[in-house]
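What follows is a pair of complexes built around chain A, which joins chain B in one and chain C in the other.
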Partner chain A sequence: MNSAASHGPRRVAPALLYGTLTLAALLCAWMLATSALGLVDARVLPSPAGVLARAATLIATPFSGATLAGHALASLHRWIIGVACAIAIGIPVGVLLAWLPPVRAAVAPLFELLRFIPPFAWVPIAVLWFGASTTTQALVVFIAAFPACVINAQLGVSQVDPILPRAAKALGAGSLATLLRVVMPVAAPSAFTGVRIAVSNGWMALVGAELIVGKQGLGFLISQGQNNDSVATIFVGIIAIGVLGALIDVVLQRAQARMLPWTPPVAEGL
Partner chain B sequence: MTARASWWRGDLSTRRRLAISCFALAVFVGAWWIVTGPLALASPLFLPSPQEVAGTLVRMSVEPYLGSTLWGHIGASLSVVMSGWLLAGLVGLPLGIAMAWWRRLRWIVFPVFQLLRPVPPLAWIPLAIVWLGLGDAARISVVFIAALVPWLMNSMQAVYSVDALLVHAARTLGASERQILVRVVARTALPTLVAGARIALGNAWTTLIAAELLAASSGLGYIALNAARTLETGVLLVAMGIIGLLGALFSVGMRQAARALAPWSVRSGDE
Partner chain C sequence: MRKASAAQRPAADGVATAAVPKMELRGLSKTFTTRNGTIEALAPCDLVIRKGEFVTVVGPSGCGKSTLMMIAAGLEAPTTGEVFVDGAPAGAAGPRRSVVFQKFALFPSETVAQNIEFGLRVAGIAKQEREARLQEQLAMMHLEQFRHAYPHELSGGMQQRVAIARALIVRPEILLMDEPFGALDAQTRSVLQEEVSRLRRVMDYTVLFITHSVEEAVYLGDRVIVMSRRPGRIKREIVVPKDAVWRGGEIESANDHADFNAARREVWELVREEIVRQ
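Let's turn to the complex of A and B:
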């Protein structure tokens, strides 16, 4: 492992080769077990072709009220509402908590108490309060996304070297100018990391919420697949959720690199 | 996620901070009591009063609700979460270490994980139900999936984080292989390992609650869903409170374990 770290470029090719071969082997095993040899009942594990065909059907014709794109849009819609609220409220709250210790002392215990209740545990009570509506789903996304925004914004601000605001003040900057022009840029990468965590937490919570309650969305699509004993539908739903989740993270990574080029590089480890 | 270390860093003395915290909590409970009790702004169906929730808690810990007492349901949830978490550790810990050590194994296994990682563990619940039925097996396997990734990733990271220079230095200074393993490698890797175990347990707990909301015949998530259906909001709040409390206890317990096992770098273990 030690020698591997020193020559990076040479490593990439075999890693890629092995990866491709592994995935190809898995795909082959899957095909062999299902369509070619028929070892496994298609109702237990559909063949890759079966899953593709199911995906095509779901894209073209509505299932449980909407096409695949319709379900995905319904999920994205709720997710954006919840995440946008979490970011809009969470980051200012986090900054405030770091900036004002007494506020932190007052809010922290309550925040810590509520933080450990998993977002899905709010689903039943959210349903009681708001019914099985978009509000319920968005609330669950909000609850899942909010802590990461607060914590990372708070962390970012509290890690700012105290010499920077003092220097700004000495040079004549006011309190607000110091916060906006000196502290925030330094804290921004950490806050953005919080946003990325929030976004993926929110996506995960939404899937859970849709599984439990709802009439549309990708999570609902999966639970309908379960109810209809259609494993292929479940597969299509899982793949759609995974692909969208990965896409969202890639977009945010790009955005971070472009908007906050001073973000310290993260050690990838591989 | 990483804020714990600096969360309490502030300019207030401990006593003043505690006073403010207690006061804030008292205000919260007081506001809750006023809204539900004297003012009766919220119907008990939506938000029962604090004393009603406390009464429900006491009643549930003695009388059976949905088949067993509160303790029985807590036990059911705990046994599933522990089985899944430990199984994931048994697989993830050695596999992660092996993946860090042998790069061919890493090249083979890692792409599969990269492929599966974006899928939330919850999304596997319906599949687990179709394949394994409504019993404990389905829930344990979903908890296993949720806990496996942090176990594996952190044990891999833990081995990576061992600085080769330290190993060489120890060897130059005459340490035996055994000493290097125990005094250098284990010490550097342990905080990351324990952090992985903690994250895994948190994920496992969260996922279990979701799984119990979907398919279970006992457990805290099961109580919560049934209470919502029968409009017993008090029971629902008790279940939520216990879920949160146990989650917090897991986190605190694992932190204490980290402190006991690796007192030299609790902070870096938080990353």
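Let's turn to the complex of A and C:
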């Protein structure tokens, strides 16, 4: 125990160091190829400084209807609506699928069919129904995020050791109390993993949907960059998408550590 | 009065008490259906447990003794037969018959205190009384300083103390223990065996205790039920004298008593026959 605890921080430090080194090496290579040696034309691949300058411009002045922050907020807005709906509906559905076998038998075939349809396949029909609106974008996010919520919540519940509900029953707990107090908390880490997957699936699907329809958002910004022949704009968009996605995941991991203090570190990988 | 060795009698002998037994298992059998056909886990079993009696059940592994206990707890349905408590059908599982499992079965998302209180919370008992009864259990099981710990932070022995406290706090009429010390190391096991023996003297519970340890069965039991190998049936009952000298003492020193060793040998021979008879 003691030695493991003292090894912990020492292991984290090199991991962080190596990660930073990789990013720094990439940046160096990028600089060498563009501004330093001029191997690549700036219209094909702009230099880091060029991208940074473009980012500063996009932050300060609106482009295609909004500043960089405006596009990012538009994306986040749709994404939050879609993901929140996916979590609010998907987790209870997953729990019920695992807890009530008749529900599982009834819903499973339909669900298996639907989850193999890519989110983008729904874009045309969503546009016909809801136009190029927030609803359309949020619907695509929802479709992308929903299966991960259902599958992981279901997995979490079905992997609960059957002895735990038995113990609860023997102590006088009814079915609902057993589900809420014993089964759900134990299934929570798996459900939370599902949420993390859902969040990233939703984010990726959103950007894809924004490339196809819409008048705001980071995906739209990229497509406008293409229309205006501005590779730097595209790069700013791509980097913003990556950074925002990673930040969201970090926030979620922190939230998980705070909300589930009992999760034994070794059990998480199971 | 005092007998030199433990009395022995066949299982078929009825118990000659006028009072209604605390628990009665009548004609319980269990057959499982698997892909490879049906398996008879438990042949019809009859068992009568009087109020305040500590009955231990010992038998070779896979003899269906855990199945017997799960049925007695109401956690598994028998194929035939019925369970009675105070002469009436026992019905669904509940805190009248609380259970201690071999693998502790603590709720991993709850602290020690929350685990122990669980039965009181689902029964809607007021916070003040819950706290009082919790304090009592924490003190009795020497768990005070672990109150806020999570189960995975405790050793196996400590986890089983929590599980015992959780089962006792609901003031069960019958305590069912399914190989509770089977997953513990030898030293921890000895300490907990003595603890249960001590608790028993203080609280006078009716206990059905499943074990594969002959020594444990004789040390703790007023009556030792020996089961046959699968399909399990009750092979023999050994009555341990009420005033046996090793009661309440340490399990290690029980081995110093000739009576204890004689009873242990007698039970072991009965179990051994079942293991050898293949």
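In this section, the second predicted complex is superposed on the first by the 238 of 270 C-alpha atoms of A that agree within 3 Å, B and C clash if a C-alpha of one lies under 4 Å from a C-alpha of the other, contacts with A are read in each partner's own complex, and residues count from 1 in each chain.
By definition in this document, contacts are C-beta pairs under 8 Å (C-beta built on N, C-alpha and C of every residue); 3 or more make two chains touch, one makes a residue touch a chain.
Remember, it's a predicted structure, so these values are computed and weren't measured experimentally.
Visitor: Quick one: classify A:W122 as touching chain B (first), chain C (second), both or neither.
Guide: first
Visitor: According to the stated criteria, A:A66 is in contact with first (chain B), second (chain C), both, or neither; which is it?
Guide: neither
Visitor: Report for A:W262: first if it touches chain B alone, second if chain C alone, otherwise both or neither.
Guide: Touch partner of A:W262: chain C, not chain B.
Visitor: Comparing chain B against chain C, which has contacts with more of the residues in chain A?
Guide: The larger set of chain A residues in touch belongs to B.
Visitor: Touch check for A:A173: first (chain B), second (chain C), both, or neither?
Guide: After superposing on A, A:A173 lies in contact with chain C but is clear of chain B.
Visitor: Report for A:V182: first if it touches chain B alone, second if chain C alone, otherwise both or neither.
Guide: A:V182 sits against chain C, while chain B stays out of touch.
Visitor: Looking at the overlay, does A:I163 come into contact with chain B only (first), chain C only (second), both, or neither?
Guide: Second partner only.
Visitor: What is the shared patch of chain A, the residues that chain B and chain C both contact?
Guide: Dual-contact residues (chain A): none.
Visitor: Going by the contact rule at the top, pick out the chain A residues touching chain C in the complex.
Guide: Touch residues, chain A against chain C: 161, 163-164, 166-174, 177, 181-182, 185-186, 188, 260-262, 264, 267.
Visitor: Would you tell me which residues of chain B are touching chain A in their complex?
Guide: Residues of chain B touching chain A: 1-3, 6-12, 16-17, 20-21, 23-25, 28, 45-46, 100-101, 103-104, 106-112, 115-116, 118-127, 129-131, 156-157, 159-160, 164, 205-206, 209-210, 213-214, 221, 224-225, 227-228, 231, 233, 236-237, 239-241, 243-245, 247-248, 251.
Visitor: Can you check the complex and tell me which residues of chain C touch chain A?
Guide: Residues in contact with chain A: 73-75, 92-95, 97-99, 101, 103, 105-110, 118-119, 121-123, 150, 152, 166-167, 170.
Visitor: Looking at the complex, which residues from chain A come into contact with chain B?
Guide: So the residues of chain A in touch with chain B come to 1-2, 4, 11, 14-15, 17-20, 22-23, 26, 44, 101-102, 104-110, 112-114, 116-125, 127-129, 148, 151-152, 154-155, 158-159, 197, 203-204, 207-208, 211-212, 219, 222-223, 225-226, 229, 231, 234-235, 237-238, 241-243, 245-246, 249, 269-270.
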